[in-house]
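So, here come the structures, one by one.
Each of the two complexes below includes chain A, the first together with chain B, the second together with chain C.
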Partner chain A sequence: MTVESLFGAFETLLTFETMIWVVLGILLGIIVGALPGLGPPLGMAIILPMTAPLSPENAIILLIGIYSGSMYGGSIAAILINTPGVSSSAATMFDGYPMSKQGKAATALSISATASTIAGLFTITALILFSPFLVEVVLAVGSPERFLVAVLGLAMITVVTRGSVAKGLLAGVAGLLVTTVGSAPMSLDNRYTDSMLLYDGIDFVAVLIGLFAIAEMMKLAGQTGGIADQAVDIGGGIIDGAVETIKRPFTVFKSSMIGMIVGSIPGAGSTVSNFVAYSEAVRSSDDPDSFGSGNETGVVASEASNNGTVAGSLIPAISFGIPGSSSTAVLIAGLLMHNLRPGQSMFDPSGELALTYTMLLALLVGNVIILLVGLTLVTRLGILTRIDTNYLIPMVVVLSFLGTYALDSNPIDVVTIIVFGVIGFYMVRYNYSVIAFVLGVVLGGIAENNLYTSLQISDGSYMIFLNPIEYGWLSPLLVVAIVAILFGPFLKGRLDAYRESA
Partner chain B sequence: MDDTDTVGETVSRTSREGIETVTTRLSDAGEVVFRERGTMEHVLLLCFLVAASYMFWEASEFAASAAMFPRLTAGATIVLSLLLLGRNYLPGPLRRFVAEPAQLLGGDEDDVEADEQPTEQPTAGAYTYDIDDPRGPAVTAGLCVLYLGLTFTIGMLYATPIFVALFAWWAGIGRQRSIALVGVGFLTALVFYLVIAPEIAVGWYTGWEPPVPLFIGGGDTSAWATLTVLAGVGGGRTTCETARSHGTTADREGTTPCEHGVNPNP
Partner chain C sequence: MNRRRLLKGIGAASTVSLAGLAGCLDNEELTWMIPWSEGGGTDTYARQLGPLMEEELDGSVVIDNQPGAGSLRGIEWLHSQADDGTVFGTANTPSWQFGWRLEGIDDWHPSDFEPIAYSGVFGYTIIVNDELGVSDFSELQDAYADGEVDNFAYQGVGHDSHVISYLLRDEYDLEWENAVAYDGGGEVNEAVISGETPVGIATNTSAADAADSGDVSAIVNLMDTDIDAFPEIDQITNYGDSLAYITEFRQTQIAPPGTPEDVRQDLADAIEYAATHDEAQEWAEETGNVLEYGDIDAAADDLGGALDDLEENVDFEAFQERIEEDA
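Right after this comes the complex of A and B.
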């Protein structure tokens, strides 16, 4: 059945219409990735409402194409103007920009395209091969475990992201609270619906657009710089870049695996994997002093890791509906918008397994497109870094407003994007985890459903999450993991202090 | 002219001084209450606190099964907001939990920063940044609110070029480029009007529908068809959407059955 689904996915993918969406997604991704200040979550959030008329397959392929393409696109600005187009390309600057200053910008961009492609192909293939095992895991968990996995995801994000645990938790529970407006999932009671406009609740797509588009544009409007003042000279050999990458297979393999593993941790995302892979490349190098002054290995490690993250972040996203990054949060929103529920149905051969495989295969094809675009248009890509943000801001706001209103013609949605835009702006300003908030908004319905079902199974007893004899070991283990993640660092600190004093 | 400038400058200076006085007083008050300078973070936390308190209290009106999750999340929001607002009053261990960072991957990140680059390292979920011009975010938010107001009165089709023009004027973009930008903005809205959401031409609150450009409103179907083909999604306009586009105000007030499955709690 799984093999049949895979062949079905091939058939769907190899149609002209679907391929158009793959190519469009990758190209849009490269553009939003290359423009400093934009990025995959923003690009995906703006496009999201416009996917409403598309079939679920094409909509998800378009979104995931943007995600994948932007990982490469981010390196363009990092290499040419020393400003990462996306934060996950920050480590690319360290060696990519010095290469550019040495007249080897084309080589660096070519390395970026080749490393991104190879890492993408490798990790997506690994994910496809790994998927039967993933299917077993996903099908084995019940409602109590799914609720606890959602809480675990929130707990991990609060600890992984910078800032205090309390701030991260507050962001997460506030996100969950937003989802309680509207109809209750099981009893269909109306909650907080004083206005008829709120009967459908607060639209999470509008919340995402507010948090990622409006908040980011407010931030951009207060910042200067990040744009190339003049044309950037793109010199160096394109083929040399591809050869330099192929000569470093171990770095590509290791960095893409780091990207995949770190990417699968909710909240860690490609930014963390980017730095971890770069530091590992420095640590394992025979000549660590050469890093930071144009070492090709640095660019290879950075770019292989951020494209590897795409596959990794899809694991919790499609398995349990837990986003590994902001981009996958928008992707989950896209799945829900098209009535696809992350979890068991995404791995059910009689459900959406074919769509899951179509999505993964589209990523494989997308990575080949990245290579083709990267190598053929490499000398023309500099133009993207010369677009003034003052032109981008009004257009992004306009697309956000139009897209949001087109969702449902509900004026509350437009109010929502402004309110959450302002909230998002100040949350980021004061170090509150936006990804935790988004996770709460995306997970709210899933968490409440599973909590409600679990308590029905146990006649209202919370012991269903703790009693291993009656309900199995997985739930108590997840509870222990949640407690350890939230309080572990503090207990460790107390223990260290005790040891020192002793 | 000079008089006008002088009056303008005086008004500007007076209003700026007024805002600074209010800000200073609020910050001073924050110092007394929170034992630290009042900032927008305190305002954000107070917003969370007020909203969660209302939602916790209102949940008592719901059936038990529907009230459980809102109470749980609102209760947690209230407790965490209070802890963060009162962090300077907390005893040592609790204060560390509330105020100090703790990271699962902190060791790796610190190593990278210490060994390789002094650059600030953001993570996927949380990062801070510098604002060079604090007026930028305020003006952008203000223009968004104005855009919303115009959307409710004259509809988004014409509100869009007005918003773009105002932003271009504020950002100091040259006249020719501003005109081009306004044109692109209007064209974008027009494509939405023709292909996706015809209701954007109507002021939602007033119900007023300014006339659309003649070449479209005059029944030139070729323009519509061309834009539809260009957008590539013309076939996507469903019966539902067409019905909604011709619907009454009541239809637009969210009671339409035509949904795109956007409710996360189906």
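Right after this comes the complex of A and C.
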């Protein structure tokens, strides 16, 4: 029956009409993802009512195509203008934009397309093969595990910080402090605000746009020419990018797995997985100091992880109707609109398994389209890095403001990008780790909410993070990983010193 | 594909993408403010009804999502908009009155707004992980009394579901030990499905989603309106007074203060056309949503009575003190 469903899915997919929707979805997604602030939820929500006349298969394929395409599309703005098209491409900026400045925009865009495609193909195939097991993994991750994943990400501050560790920790703590603004999760207090505009806190996407796009434009205002060094040739490098990605199979595999697993955790999602994968790439590198200045591995890790999250986030969405993000919330709304109720029937051969397979196979085809479009068309956008800053800066600033306001129509977001633009500018100037700051901003809220919920579940006992018999093995394993990251380098140094003296 | 055709394609697609920004760029169109994010229940309703309303109004309706502060930010924004009928919004009654009262907002009053209509009804149920072996509310009471289960999931501190948790304990003998706060309905569903907190509050639509996972059942309807998706479900009114004043919500369309009645009547007609349209009714049946039209007078009654009912039944000051004690 399962094989029959798979063949039925192939039959549905390989029709001209369905393939048109696959291509259209991916292309729309790439555009929506590339425009800062718009993002997949808004793009999908606008398209949603227009899917009413379509068959359920084609409607879902169109929506999921936008979702998948946007994950790749986000890297375009990240690489070319240091602005995250979507929040899950934030880590792509760290090495993608320096590559653009070195005249290697086409290579970076090529890496992004190749890594996104391979990760997408790998994780969707894994989802098709191992979905029952993956569903169990999702259910094993609860509030304590979410808290510990956030702490694991925060522990990565010690790994990603270059130069002064004290400055890195300070930046990380400052990022955490930003997340304390707004309604407290455990009381009726509104912290640092009397205005309703700040009740939900400071939007981290606005913070990212300020820290990177606005700060960079402030910096560029002091130089002539374009983003790329005028002395270098920006053409070529497309094949190099694909080769550089293929030469790093383990990074692609590892990052896409991180993307898939962390992405499947509702409330954590693609942004967290993006940073965790990038930090892990830095941690496991022989040359960690080269990250942040155009290391290809950084782009590979970031882009492989965010496309991996698409497969991961589908697990709770299709299996339980649990939206891990706004994008999957719109997708679930699309399923319901077409009389498809998320649940076990989506994996049941006598239920909707054929449609689930059609959707996943469409994503496989969609990833091939990403590769083709990415390598043949998007890489040509490297020419943007040659635009004179006198023209580029106003364009990026206007796009940033418009995109930020479009997030929630909240004027405080506009103030946020200005404030954090200035902060980001001076952080770079005085060598404070922007990555550490961003980790604090992205993970602080997740950590606080889930710590509180975990302690309510355990009636205040911290053993919920340590006791494998009562609460499962995953939390203690995460605790071990956190301890290893924090104290591993110190213990390794002591061990090496001991060996040398012996 | 040559370069010219590509650019043409990108231009066309960009127009589609930027359509979502139209609400903040163009005041000439009819703006429907939704105080929740894209993809949420209220947003989904609006995106179903919006195109049908356009047919009746012969104009365009742009959905403008203004989430934040549990819907209060968008409603506050609506309060300051022009009263010429070009802007209206949806508020979930009595949830927004509850939030307004709890926050102690002085700048505006819910009665300032002008009623247009209501178009949908939804409300709370209690969902339970099937491993507990509970099929109705009395068995759930026994499970808590016997210590088989301790925790109860709700949707955030200060949320209306938080008050309901206390009311269920105080007045309906549901003796939970810890009420566990989650960040919204999605997280509650997940906690109940995984068994982390095996009992919790869910809206009727998300309860239907959770029940379809195969591991969860909705065991009691906390509102008065029957739920088609659960025809056999137990009713909380079998165990005490109605809780509908805080558990049953209507999607009420409201206009800024001073909006004339004739303009609102045009909008109400368009909402009636959309909410009673075959296409919308079909969607409601398929998704388990409840589409129910109420005219200007019905919406006015609803708005007028909601706050009074809450004040009569909920001791807000005691609730606030209790939250601070539990924090």
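For this structure, a couple of remarks:
Definition applied: the second predicted complex is superposed on the first by the 273 of 502 C-alpha atoms of A that agree within 3 Å, B and C clash if a C-alpha of one lies under 4 Å from a C-alpha of the other, contacts with A are read in each partner's own complex, and residues count from 1 in each chain.
Everything below uses one rule, namely that a residue touches a chain if its C-beta (ideal position, glycine included) is under 8 Å from a C-beta of that chain, and two chains touch if they have at least 3 such contacts.
Note that the structure is predicted; figures quoted are calculated from it, not measured.
In the superposition on chain A, A:T453 makes contact with chain C only, while chain B stays out of contact range.
Between chain B and chain C, more residues of chain A are touched by B. When the two complexes are overlaid on their common chain A, residue A:S302 makes contact with neither chain B nor chain C.
Look at A:F320: by the touch rule set out above, it reaches chain C but stays clear of chain B. Look at A:S131: by the touch rule set out above, it reaches neither chain B nor chain C. In the superposition on chain A, A:P53 makes contact with chain B only, not with chain C.
Of the two partner chains placed by the overlay, only chain B lies in contact with A:I393; chain C stays clear of it. Within the superposed three-chain model, A:N339 lies in touch with chain B and with chain C [touch as defined at top]. Of the two partner chains, chain B is the only one that A:V422 touches; chain C does not reach it. By the touch criterion stated above, A:A406 is placed in contact with chain B and with chain C alike. Touched by chain B in one complex and by chain C in the other are residues 52, 183-187, 196-197, 199-200, 267, 326, 336-339, 402, 405-406, 408-410, 449, 452 of chain A. Every residue of chain B that touches chain A in the complex is listed here, in rising order: 39-41, 43-44, 47-48, 51-52, 55, 58-59, 62-63, 65-66, 68-70, 73-74, 76-77, 80-81, 83-84, 93, 96-106, 108-109, 111-112, 115-117, 119, 121-137, 139-141, 143-145, 147-148, 151-152, 156, 160, 163-164, 167-168, 171-173, 177, 181, 184-185, 188-189, 192, 196-197, 199-200, 204-205, 233, 235-238, 244, 252-256, 259-266. Of all residues in chain C, those touching chain A in their complex are 6, 9-10, 13-14, 16-21, 23-24, 37-40, 43-44, 47-48, 50-51, 63-70, 72-73, 76-77, 102-103, 150-151, 156-158, 177-183, 186-187, 189-191, 193-197, 206, 208-214, 279, 283, 286-288, 320, 323-324, 327.
By the touch criterion stated above, chain A contacts chain C in their complex at residues 27-28, 31-32, 35, 38, 41-49, 52, 139-140, 142-143, 183-188, 196-197, 199-200, 266-267, 316, 319-324, 326-333, 336-339, 341-345, 377, 402, 405-406, 408-410, 449, 452-453, 456-457, 459. Across the complex, chain B is touched by residues 50, 52-54, 87-88, 90, 94, 156-157, 159-170, 173-174, 176-177, 179-180, 182-187, 189, 191-192, 196-201, 203-205, 214, 217-225, 262, 265, 267-272, 275-276, 278-279, 282, 291-292, 325-326, 336-339, 390-391, 393-395, 397-399, 401-402, 405-412, 414-415, 418, 421-423, 425-436, 441-442, 444-445, 447-449, 451-452, 455, 485, 489-490, 493-494 of chain A.
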